[in-house]
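Each of the next two complexes has subunit A plus one more chain, namely subunit B in the first and subunit C in the second.
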Partner chain A sequence: MPALEVQNLKYYYRTRRGPVKAVDDVSFSVEPGETIAIVGESGCGKTSTANAILRLLPRNVEEYEGHVRLSGEDVMEYSTEEFREKVRWRGISMVFQGAMNALSPTTRCGLQIAEPLMVHLGSDREEAVAAAAEGLKNVGLSEDVLRRFPHELSGGMKQRVVIAMALVMKPNVVILDEPTSALDVMTQANIINLLKNLQRDAHLAYVFITHDLGLASELADDVAIMYAGKIVEIGRASRVYPGPQHPYTQKLIHSVPLLRGESAPDFIPGAPPDLTDPPLGCRFHPRCPLSFGMCGWSAEDLQSFLELRYRAASEGDRLGAAKFDQKESWRLVVTPGKDVSPQALVAKIQALIQAESSKSPVLRAIEKVRVGSNKVEIVLYEATIPELLGEDGQRAACWLLTEEGRKRAAS
Partner chain B sequence: MQPPEVSAGETPPTDANVEYPHVQLDDLRIYFEVGGGMFRQPLYVKAVDGVSIALWKGETVAIVGESGSGKTTLGRAVLRLLEPTDGRLLYAGMDITHAWQRDLMWLRRTAGIIPQDPYSSVNPTFSIYRILEEPLAVHRIGTTEERTERIQKALENVKLNPPDLFQAKYPHQLSGGQRQRVAVARAMILEPEFIVADEPVSMLDASVRISILRLLRQLQEKFGITFLYITHDLATARHFSDRVGIMYAGKIAEMGAVSEVLGEPLHPYTQALIEAIPDPDPQNRHRDRPALQGEPPLLTVPPPGCRFHPRCPIAKAGLCDVEEPPLRELRPNHLVACHLAS
Partner chain C sequence: MKSGLFGFAILASLVFVAVIVPFYAPYDVVRNWSSYGPWQDNPRYAAPEWSEVFTGKHLPRTMIFENDTFRRAIVREYIPPPKGPLNITLINMTKTFYYDFDDFPSELSLAITAVFPAQSPAVQITLSRPDGQFVPLLTYSVRNEFRNRSQVITQNVAYSEVMESKIRAWIARENNGVSPDKLTNATILPEVALFAKNDSAQLDGHQAHLLKGFYQLIVEYTGFTLVDDVGVRFIVEGTVYGLAGTDDHRRDLLTGLLWGAPIALAFGVAAGGVVVLIQTLLGALGGWYGGPIDEFIQRASDFYLVIPTLPILILVSLFYRPGIVALLFYLVAFGIVGSTTKVVRSIVLQIKEEQFIEAAQSYGASRGRILFKYIIPRIMPYTFALVALSVPAFIFVEASLSFLGLGDPVLPTWGAIIGEAYTQGALFYGWWWWIVFPSAGIIYTTIGFALLGYAFDKVLNPRLREE
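And now, the complex of A and B:
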């Protein structure tokens, strides 16, 4: 039975510009003693996923649903109080990003580690401090750190204290959010070794959040690649690293500068999308080198393509459109200019599709062009979001993995 | 003025036809006084302690080290934002070690800096236009029209297209990568010959890092700029610099061409540093990563002898803890400061 199973987790929050779909239908599971690494660029929802699992929600939460099962028990059913008592820190604990700089500067480390024991278990102070001493030993620190203040410790030692805090209640699942991002490489290697040993000894399940694929491979049995609030590829590390299936995963792997291999790193053009208004269909398609008609182009994309395409055109070469009107996401209505007939406009668009659809995938999304009395209507294939496909060892959400997608991309 | 002597192993790249280095550090030392009092002897933090590097025109030299190794202090001193305690700093053959700031306006014009943090290095109330105009205004360069043209050109160079759109924006409207492009544009606006880039990409996403570094490389090739790239990341240094210097506790431990230093690391610290960095490989999961124990030394009382000896896996008692190893040329153009390297 998985130590942690997350199923169809959704977590949106409100902003003035509409709901941000930070975590959008995310599912994964981790077996005891194993690690799943969640990898992606910043702003793709990695930390939000962790916060949603631990139910650390802000006040402006819009939607929060799905299942989080801890050793088979659905903890989403729990009341706030029950969740706090039974799940947080006891069942699932977390090493927060930058936590080592958030230690209380005026409290000795021993008491900071012991505090959850006193709050959650009602242990008395001596008992709790004794357990804290034990915890420090487990993370390779001597007992006299109990009486030290955080400013007396080095970065690596502080991070060890934070890990001791996360483990003091003996949880089954630990979420590690960029646990080494502020540390030097040598300290990083030491902390990673410590995490490996702790996992082996206590059979812990880790959810390891990072943007660094190299670092992820230090711990990962499974990898989940996140993009714009969704998992786009998930599977065994031994399958995903050598044979990534989603174009985003492929790009991400190629963007890592290698210290040993020969290949030069490449970058992913563009930036992740605004999550209040994510692209239709596959969310990666506007940046994807392999995108084609099916990937989710909208009337808005087509309009901005046409505007950009003809912005610098000379007088005779203009499209002759006076007005664009996005009726639906799949329908663009074009009103021709004064001296242009709708038929001429259609001919122009047809010619454009003929000439340029091989290099502009948005043109391949056009299903048909219809002539009205004084308007031209362009109908696009409807955009649908690709599902995770493949067997259990490796699944990816890309239209190119379907029979139909391959056919359409080839034509 | 006499061209300065070139230190051992620092022969110029074959295609450069200059007779002295563009920037030269000669046994440079920067100490900070701490803890002194009326009746107490002050201590000195020896942040940079005897570093000699020659940078040739148009090359990129990476200085790689952990935090506290003195690499940032070195970068600031090279631009004379700090005054060196001892040693010499020469710019195109001219000694500027102790020059007055008001005599260094020409250096401010010909040398630029790209800071680490694109979020705090620009004034949030300035538009991109004003951010880029400021250096021109300080140096009283150009009329309004000329400045506008130069700013547009600079934005185009860093691929913030169309420039009209970007120059009207404010920093908060840009992503981290775009901000760093603005920082690059600002460093480039005075058409400098020398740029110090202090961890220019460490705050950025992995996928954006490469695009910024590639941009710097392109600009360098286009304008023949000399780069000092300060970083803790050996992997990006490998792909984006010509030579690399490994710094440990205020000193250069090893220096040479990137392919030499990473292909055949001679110093045990360099070897350990390379070992500690994982490349993406699912096999990493099944073994512990070799890593040095302990911490870099305090720079107020550095260990005697070789500064690395307390953490060194091959240190020899009676030698490494007594005698300081000199930086010697063990292979052609490949220098190392270790008694035991051969």
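And now, the complex of A and C:
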């Protein structure tokens, strides 16, 4: 039975501009003694996933649903108080991003590590501090750290204190939210080794959240690649690393600089999408080099492309379109200008598709062009979100993995 | 940092004064600050003793001659018939003193206490001067005005009309330099006339020439029983007194000034501490819990901020004349929420988003626990700075009310002393000590707290930190 199973987790923030789909239908599971690494760019929803699992919700939650099963028990059913008592730190604990900030600056480290014990078990101070001393020993710190304040410790020591704090209640699952991102490389390696040892000793399940693929490969048994609030590829690390299937994973792996590589590291053009209004279909398609008609181009994309062409073209070569009208996301109605007939406009559009569809994937999304009495209707392939496909060891959400997609991409 | 040390030194000196002042003047003395009794022997409007360094003269100190310092001769005799039968007691008391100051005394006080079971005794008082003259000051019989058979009567006989006419008569007899017109019309100042040379300026307070040397006060008492007794207390008031002078009530201002320190400190720190603490707690509560609680606290503090506290306090004081403790209570009541609530709330809103708060939430600490164990300790340093900076404001409020005569009716506070000086026209008459010292006390204390507050500010506000 998996130590932690997350199923269809949704977690949207409410903002004035509409919901931010930070975590959208995320599912994964992790077995006891194993590690799943959740990898992705900044802002892709990694930390939100962690917060959603621990139910650390801000005020502005638009939607929060799905299942989080802890050793088979669905903790999403728990009331707030029940969740606080049974899940937080007893079932799942968390090592926070940037240990420097995760410690209260006005409390001595000993008391801070002991705090969960005092909160949950009602242990008295001495007892709790004794347990804290034990915890410090486990993470390789001497006992005199008990009496120190956080600012008296180095970054690595602070991180160890935070780890000791996470383990003091002996949970089954530990979420590591970028546990080493603020540390130098040597300390990073030390901490990773420490985490490995602790996992072996206590048979812990880790959810390791990082943006660093290399670091993830050190620790991970499974790896889940997140992009714009969705998992785009998930599988055994031993299979995902050598054979990434999703174009995003491929790009991501190639963007890791090699110390002495021949080739320069690759990069992904563009920026992560706005999560209040994510792209239709596959969320990666606007930045995807392999994207084609099915990936999720919308009438809006097409309109802005055509307008761009119109402005760029010379006087004789212009489309002659007067007005664009988006009926649906998959239908664009173009009204020709005064002295242009609809037929002429269609011919121009056809010519454009002929000439440029190899360069511009948005043109490949055009299913057909219909001529009306005085307007032209362009119908696009309907955008659908790709499912995670593939067998159990490695699944990716890309249309290219389907039979139909491969055919379309080829045509 | 230097300014902080300076402020700390000022506060330390004030605390030191507060600690030692009960040894200089116990609280009993201060409780009677507003009554006349304890201060009667002091001169009025006396400058500090050390102010004579400005004039270069040896200014007169107060000389108090108690009854037991007089030389006493007693004769008690029964005179049988035919002359009698008559009981008679003759008491002769003399006191010799050397007057060596460079100025006239400011006042004379002569109290005669007569003990007589039956008939009114007769008293004759004479002053012998260094120039050999004897001035008969008074011949009178002690009367029991209330006819209630009380047998001990104390009367202050200086400045009686009888004495004045006796002095006029003496000057007319001995001094030809004074014009008859002046002799009949000029006001007689006994402390000047009796200590001046017999020349034309004798009756003129500003020009009279001082006669230094041995003076002797002679009191002759004739009583008509064998148990009659008399007590004399003679005071020659000086023009200087103590380290800080005296006021119109003859009070030793040093006592009031020194007691002003603990009162101002206690009042300022108590008011500042309590007000800032309450405001901090409420601000933190609002900032942390948010929602309607926050809204309520913030609107309440907006409301409190526009209440004109001082005018309302003046009104309250006019009707109820509160003591210093009641005043403290009013100030706290008017400062339950206010600017500190707003400052603290904004700090808490900042701290709230920090990760250690999220961490605490994640391991299940309750909201109250996070507020008191994580947030309050973080804002405590700011609170200390705010207390230090708010103390002067409260000292000023107390001083303002006292200045207006609406402060504590019993205790001497710096504001009250300045207020009395102002109403008595101290600035007009040049009684500078009455104004300068209490003002200096207020300024000194305020500067101390301000420097301390700024030092805190520098420590707490990284942008102000010195290199």
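What we mean here is this: the second predicted complex is superposed on the first by the 405 of 411 C-alpha atoms of A that agree within 3 Å, B and C clash if a C-alpha of one lies under 4 Å from a C-alpha of the other, contacts with A are read in each partner's own complex, and residues count from 1 in each chain.
One rule holds for everything that comes next: a contact is a pair of C-beta atoms (placed from the backbone, for glycine too) under 8 Å apart; a residue touches a chain by one contact, two chains touch by 3 or more.
Predicted model, so just to flag it, every value in this text is computed and none were measured.
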First (subunit B), second (subunit C), both or neither touched by A:Ala189: first
Subunit B versus subunit C as contact partner of A:Leu219, first or second or both or neither: first
Touching partner for A:Val129 - first (subunit B), second (subunit C), both, neither: neither
Touched partner set for A:Gln97, first subunit B, second subunit C, both or neither: second
First (subunit B), second (subunit C), both or neither touched by A:Trp89: second
First (subunit B), second (subunit C), both or neither touched by A:Val119: second
Partner chain in contact with A:Ile349 - subunit B first, subunit C second, else both or neither: neither
Residues of subunit A touched, compared between subunit B and subunit C (which is higher): B
First (subunit B), second (subunit C), both or neither touched by A:Gly156: first
Residues on subunit A lying within both footprints (that of subunit B and that of subunit C): none
Contacting residues of subunit C [partner subunit A, same complex]: 290, 354-356, 358-366, 369, 373-374, 377-378, 380
Complex contacts: residues of subunit A adjacent to subunit B: 35, 41-42, 154-156, 184-186, 188-190, 192-193, 196-197, 211-221, 236-238, 241-242, 251-253, 255-261, 264-269, 271
In the complex with subunit C, residue positions of subunit A that touch it: 54, 56, 59, 84-85, 88-89, 93-94, 96-98, 101-107, 115-116, 119-120, 162, 165, 169
Residues on subunit B engaged by subunit A in the complex (per definition of touch): 66-67, 175-177, 205-211, 214, 232-236, 238-239, 262, 272-282, 284-285, 288-293, 295
